[in-house]
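Just so it is clear, A, B, C and D label the chains in written order, and each chain counts residues from 1 on its own.
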Amino acid sequence: MQPPQPLRGIIPPLVTPLRDRDTLDTAGLERLVEHLISGGVSGLFILGTTGEGPSLSYRLRRELVQLACKFANNRVPVLTGITDTSFTESVNLARHAADCGATHVVTSAPYYFPAAPPEMLEYVQDLVAEMPLPLFLYNMPGLTKVSFELDLVRRALDMPGICGVKDSSCDMIYFHRLIEVARQRADWSVLVGPEELTAEAVLLGGHGGINGGANLHPRLYVDMYHAAAAQDLQRTRELHAQVMSLAGAIYTVGRHKSAIIKGIKCALSLTGVCEDHMAEPFHRFREPERALMRERLKAIGLLA
Amino acid sequence: MQPPQPLRGIIPPLVTPLRDRDTLDTAGLERLVEHLISGGVSGLFILGTTGEGPSLSYRLRRELVQLACKFANNRVPVLTGITDTSFTESVNLARHAADCGATHVVTSAPYYFPAAPPEMLEYVQDLVAEMPLPLFLYNMPGLTKVSFELDLVRRALDMPGICGVKDSSCDMIYFHRLIEVARQRADWSVLVGPEELTAEAVLLGGHGGINGGANLHPRLYVDMYHAAAAQDLQRTRELHAQVMSLAGAIYTVGRHKSAIIKGIKCALSLTGVCEDHMAEPFHRFREPERALMRERLKAIGLLA
Amino acid sequence: MQPPQPLRGIIPPLVTPLRDRDTLDTAGLERLVEHLISGGVSGLFILGTTGEGPSLSYRLRRELVQLACKFANNRVPVLTGITDTSFTESVNLARHAADCGATHVVTSAPYYFPAAPPEMLEYVQDLVAEMPLPLFLYNMPGLTKVSFELDLVRRALDMPGICGVKDSSCDMIYFHRLIEVARQRADWSVLVGPEELTAEAVLLGGHGGINGGANLHPRLYVDMYHAAAAQDLQRTRELHAQVMSLAGAIYTVGRHKSAIIKGIKCALSLTGVCEDHMAEPFHRFREPERALMRERLKAIGLLA
Amino acid sequence: MQPPQPLRGIIPPLVTPLRDRDTLDTAGLERLVEHLISGGVSGLFILGTTGEGPSLSYRLRRELVQLACKFANNRVPVLTGITDTSFTESVNLARHAADCGATHVVTSAPYYFPAAPPEMLEYVQDLVAEMPLPLFLYNMPGLTKVSFELDLVRRALDMPGICGVKDSSCDMIYFHRLIEVARQRADWSVLVGPEELTAEAVLLGGHGGINGGANLHPRLYVDMYHAAAAQDLQRTRELHAQVMSLAGAIYTVGRHKSAIIKGIKCALSLTGVCEDHMAEPFHRFREPERALMRERLKAIGLLA
């Protein structure tokens, strides 16, 4: 297998458009994929945190992988989240993803019973041995309770099946150390999760962002990435300020942590891209959150 | 459906005997079930934390439910863990459990993306509506990041499908408040997780324990429960001291949090009950941990 | 110096009666001391968490030590909190306490920059060498971020200057291990902080409680201690239920963590014992919290 | 009082040179001040976290303030940390600082009993009313458990006595929001704590850094600041890489969190600036840490 080129740029973590608890909004998914590819993104990441991956049935996950690959139609890489507490299910889903034409798989730490650093190293070694596609490590300690420590990442340099790290820790000191480590692997990508941090991540050597807000306004994020990658600091600052505004508007409609995902889905629903049903334990925004979101989208120019 | 009598006593959280990552040690499971029932336990709890529930494939979970019910053969209630990040998979497993003859289901909070208290209330309402069996709430915030707050438990008093709470928070103030709340539902059971806390839990009004160490020495835990339930304080203190010794011996062989589950499985392997293979991300103890466990089991009289 | 007998029973952590930010309510302090001694307590603990010790000026702390000892007048032991981030200030206050006639000093971990376990061991060794009075270790990781780990406590068995542990971790597994360790030092006391846990602590071998609510109703806590120490389980349960009611009534008037201290002070003000001014960063309850407290005190019979 | 110009640039948090637990290394302090001023720093911050402020006796703190101001001799502003759990002691120290000629005071949250957001707002209002000098808010939730939330900072815009924020949360999303808020106060400074984050903080609108490593090599940090403020991205990246190397070399000699402060002091001792005695609960590095530090300083060119 010929590994794809190292990923650079914006790779949105797609929301999963749902019609109900266990039914894909297929037409919405197709519109979302078109919306993103036409917005200039460098890839699609499905079944991540924003995609409510762990909340979906396995049947629906498999359907989603199949359809996302079909709709992407080889125009951009498709990264599939396989994070699971069950090793066997991670492997099963990775194989399905490879069969469907996905290009990469992405795993965070098993997120129920926390593994200690030496156990995590064994886990990554065990997992990479079974992977049919290049594997991204997805550092998300706020949700998994477990980090991919720098020592583990250094050991991963010797694992050809690993192709990079996505860091959603919000810890930019860690991120800068990741970049130092990754310099030894030209085929690696080091990507950042929170969109508020993509500008500085790229200005200081990172390779791009897996940013939730790019679901809504991919072009803004892609432009910010290009400005930062081109070292155009003035332009980067302007676009970063716009990203901060968008995030501040969209993510603060609800009061709970789920407000980020609910906010993106609600906004995509209001802008006609896809439905905003949420899988349990969450429910979509009711009125008046929806009304407030409408106002905010108008205020930032995303709704007429 | 006729609800079973409220549960009282010791209900061990069974380890899942494995031959490899995705293969049950069926003979070991049968021996374990006999070992426990002959030890006087009041029920069997499968697919909990000690049972590595979230680490197992769904195929294996279903096989385990089927076999545990078969081996129990209606002699004691069988409680099945259905904790999942996917609502649909929780419901699927609960239905399978009912089909197999399990008597109760048990759920903790969805453990990836944390739900806020009002979201958790909706989640419990949604879930209980789909349950074919009485549902226990399993409070395990150390692993799920989310508690079943007392306000939610008070609301659950009005849900006939709920039959009690298992608390593994290690917070005995919370536990005493649970007992106060549960007095309004004679059909509820309030059970405690950590075995070091079962004595005081029962002395002060709790109904029993779901204690990992009971896998190894069920009679000790059952005797302690009966002494405490009979308000025989002197005997309770003696047996509590023995439980403290056993836990101190078995759970401190390894250095990581996984040492508890690894320790129970290793001890069961050394005493001939079942194999001690662990599902990823963990591996069974190697030598010299196994040698150390052998010594410790001899020291506390569980190995000749 | 002849060490006092090992402490047993209820030793309330006195609130510090204040007239304003830096002025003692001296008459209130005298009434409080009489109220507690006449309620049967086994000692007085000043300058603890409930006493807002770290919030007071050093001048006021010294005045409080002097007056509390004067008012106690050798009728009961006086324990003085010397917890500080500055070693020198801890030593200075301990010497002052000895000069005033206090019988013990109490220290938690330095609570700004967290020390690691080997550093904490050195700290305790350094500190005990300078102490003019027997020293209690006060385990309060929720506020100090640092525990006195069991290994450290085992090492402290060899330090004659240490006389016991007060545990406010709310972790009863830790507490039971403390009791095991302390059996080797007949002169030690192992006391529990949260009043909701005193019953089980004493039933299973602990020596008493340093319970905030005893400021308000010392007799209730003293009676509960005696019932538990006498192994009268039925009476212990009744009194434990009363303690739970009192705590539930008094500590839930405010919404923040400070509600516990504010609640005790407000209740003492309403019952005529002392003023309820709080040192910053806190302020006493305003109306309507004060009105609600009045109602609750009536409901539990502490106000006519 | 004429407020000083808004602070811009690098303001090192000075270590406190000690000869023993309660004795300043006066000559070392004078050398340190000269070393920093000749290195181009924009101010001196004493009695912060790196300065072991909370570990020092009040007598020594007052002596340090007096001498630091004397040695600075009005060449640069002197910021004095007054963070305390006692409001009265904070005020006392602030007045002393003003008397000695300090230009600003700096406070973090009271760090023993955590205040809730509305309580923190009242605290800041109370404190600023008593301050004889402009006050910086110092956000350090990792040590104080309490953040200065953005809502509080927005309210602080209306308090003329407040002159900015130092953020050591490591949360760059929060930092970017701070910058947005602070735009409304031209006299404010928004400064970042961790030196690994100063480059991006300044590139995206921050005003400088309070960086521990600047004690050792002030010129490097000052140059990095100027490059970033001048939007010279290439030079900023080079200097940021050097800062990362220095931090990676100096801060990882010990295994505990204290390794950062111990490391800076040890390096200053080896380079002849000042003694490296630490106040309890810490002790300076022993051999072999000191030997390892010597090697590392040679490797990065700070020791011949």
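Everything that follows uses one rule, which is that a residue touches a chain if its C-beta (ideal position, glycine included) is under 8 Å from a C-beta of that chain, and two chains touch if they have at least 3 such contacts.
On a predicted model such as this, the values are computed, not experimentally measured, just so you know.
Trainee: Through what angle, between 0 and 180°, must chain A be rotated so its C-alpha atoms fit those of chain C, rounded to a multiple of 5?
Mentor: 180
Trainee: Could you state the distance in Å from the CA-based centre of chain A to that of chain C?
Mentor: 50
Trainee: Need the CA-centroid distance for the pair chain A / chain D, whole Å please.
Mentor: Chain centres of chain A and chain D, defined by C-alpha means, are spaced 36 Å apart.
Trainee: Using the touch definition from the top, which residues of chain A touch two or more other chains?
Mentor: Residues of chain A never touch two or more of the other chains.
Trainee: Report the topology of the inter-chain touch graph, choosing from line, ring, star, complete and other.
Mentor: ring
Trainee: Would you tell me which residues of chain B are touching chain A in their complex?
Mentor: Residue positions touching the partner: 21-22, 49, 52, 54-58, 60, 85-89, 92, 109-116, 118-120, 122-123, 126-127, 143-145, 255-258, 261, 279-283.
Trainee: Quick one: in the complex, what on chain A touches chain D?
Mentor: By the definition above, chain A touches chain D via 170-173, 176-177, 180, 194, 196-197, 199-200, 203-205, 231, 233-234, 237, 240, 244, 248.
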